[in-house]
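Working notes, structure below.
By written order: A, B, C, D, E and F. Residues from 1 in each chain.
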């Protein structure tokens, strides 16, 4: 099941390289901002990753959810913390979020397997 | 083509089990509400299923559309009724809905095949 | 409170006239389609109005909600039927829909007052 | 300027009472879940309020943003923490969020004034 | 009617100043990018303004629509060009866009009056 | 890689035929309007295609993006023009657009390959 993670990473890396090599200034700066915005500041990295996860979930973007689940994992967040954040996203965003919740669980499980 | 239906059902069942076994209270109650909301009340089941279908279509959630198409079929709605509901969704939601309309038609056809 | 209804109607009529006098063909045809789509067909007018109401509510468009509440009232739908449709919209669309639900209730109450 | 806060509270209370008195079971349970979801659990109240704020901001619901800003204030979050959360929401949600950011700042300032 | 324009400008300026004085780096850079993105490049200013207008309209953000209508006017776009762009936005975004189209027409008319 | 283009075209054609043969008047007229709206008028075809592309991108509809990328290519727009339009869409729509930007680049590259 951890192929889910590798496939996601490989496509993301390949296309990010393609995009950044294209040298469109606006797009490059947006990518840059993305790195800066999630660095520790008044809020710590864990909190920021949860904010990114919830924003991605209510906007129903599977790839963004996967990306933030991976960062949540890397920043040391537990399953309980991540699922509680996802429960808030499902309540605020409605049952329309549920199919994305399924895929989020599947990807989170694949992340656990990979590191066991 | 009816594999479309089986694949959808299998993944949905597997992941719903996974989610509900996780015992997050908020998520479990939302799943519960979903069952209650579509039971007969002041409005009958057929009307409610069409409401669920149109809500899913304008919010452009393919899996939600599939789920409600299946329930529409089970509640005895005809193709004419379902397509008329989808036409309202396409008008309200705009041409951005059209790719979802294609997949809705494909899934509806797969549902017919399966029961013939 | 029924001023809510009159204000809404007056602005809507004034601006619709302004738009239609402008003679943009695409916009005129979309307005036209809107009238046709909600006429009785395989589905009756009441069902279609509820579909329009739920689509407007999950897409969180207050003016569209008001318009369809008015048509729901005119087509003879009861408070119980309308509120049940709104409850499905709130479940599917999430708690983000609640502020729009408040304004929907207020407008529905204003419509009742007007006709008493 | 703190009238902004009072007006918001008064309308919200009045209409929530109206809705809850209507006794629609689905809607009442959704309101209930909303209270439970933001109580301390694996995540503390402050983190959950920031999640609610960011979800509301990327979904561009002014009233939801106001509600969560008020709860953020009550839970003891600082301006720096709240603004950092809003900056993530603006990045994820895009410049389309900016008009909502203006109103969020205005309401946050009104909340400070009120408690000074 | 041109008070519509002045009110919009005054509030926008006041709150933008408030936000930029707050010195959140992410938000300041997003504001900056916004200026750069609409400068002439491979596409001319007129085309870019129409792109901003259509993006704002399908995302149904009234304040963003007003801002881009003002820039469209300043860049010398004609009513015919602006309305044609809005007709595409209404078709792609659906009838849910119509209430925003009403307010767009009203603001565009206010902009004409002001400059006559 | 150009299989991406062929697969997209084949499915789109097959399902459009299926839908149009179904003879729902509302849906047929919406399809018709779509053809008319992008014909030359006050705005030329290239500008209109860019408007369609940006609308599709901020609404995050991959299939709509693909369709408009193909029409952009056919109308003679250059990579620089298309990417600049996509950069505006990413700024307005936020980082949530980035996964769709990856797929847009991949499809645009596939379109180039096919015509080389």
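In this section, contacts are C-beta pairs under 8 Å (C-beta built on N, C-alpha and C of every residue); 3 or more make two chains touch, one makes a residue touch a chain.
Chains and their UniProt names: A, B, C, D, E, F = Alkyl hydroperoxide reductase AhpD.
Here the structure is a predicted model, which means the values were calculated and not measured.
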- Task: Identify the chains adjacent to both chain B and chain F in the sense defined at the top.
- Result: A, C, D, E
- Query: What's the overlap between the neighbours of chain B and those of chain C?
  - Reply: A, D, E, F
- Query: If you list every residue number at the chain B and chain D contact, are more than half found on both copies (same) or fewer than half (different)?
  - Reply: same
- Task: State the superposition rotation angle between the two copies chain E and chain F, fitting on C-alpha atoms only and giving a multiple of 5 degrees from 0 to 180.
- Result: 180
- Tell me which of A-B, B-E or B-C has the interface of B-F again, with more than half the contact pairs shared? A-B
- Message: Report the chain whose CA-based centre is farthest from the CA-based centre of chain D.
- Response: F
- Averaging only over C-alpha atoms, locate the centres of chain D and chain F and give their separation in whole Å. 37
- Message: Centroid from C-alpha atoms only, then distance chain C to chain E, rounded to Å. What do you get?
- Response: 27
- Query: How far is the middle of chain A from the middle of chain D, if each middle is the mean of its Cα atoms, in Å?
  - Reply: 23
- Message: Using the touch definition from the top, which residues of chain F touch two or more other chains?
- Response: 26, 30, 33-34, 37, 55-56, 58-59, 64, 83-84, 87-88, 90-93, 95-96
- Task: May I ask you to sort the chain touch graph into line, ring, star, complete or other?
- Result: complete
- Parts of chain F lying in touch with chain A, wherever the complex brings them together: 60, 83-84, 86-88, 90-91, 95-96, 98-99, 101-103, 105-106, 109
- Okay, in this complex, where on chain F does chain D touch? 58, 90-97
- Query: Inside the complex, what are the residues of chain B that reach chain C?
  - Reply: 30, 33-34, 37-38, 41-43, 47-48, 50-52, 54-56, 58-59, 64, 78, 80-81, 83-85, 87-89, 91-93
- Considering the complex alone, what residue numbers of chain E touch chain D? 11-12, 15-16, 18-19, 22, 24, 26-27, 30-31, 33-34, 55-56, 59, 61-64
- Message: Taking the touch rule as given, give the residues of chain B at its contact with chain D in the complex, in rising order.
- Response: 25-26, 29-30, 33, 36-37
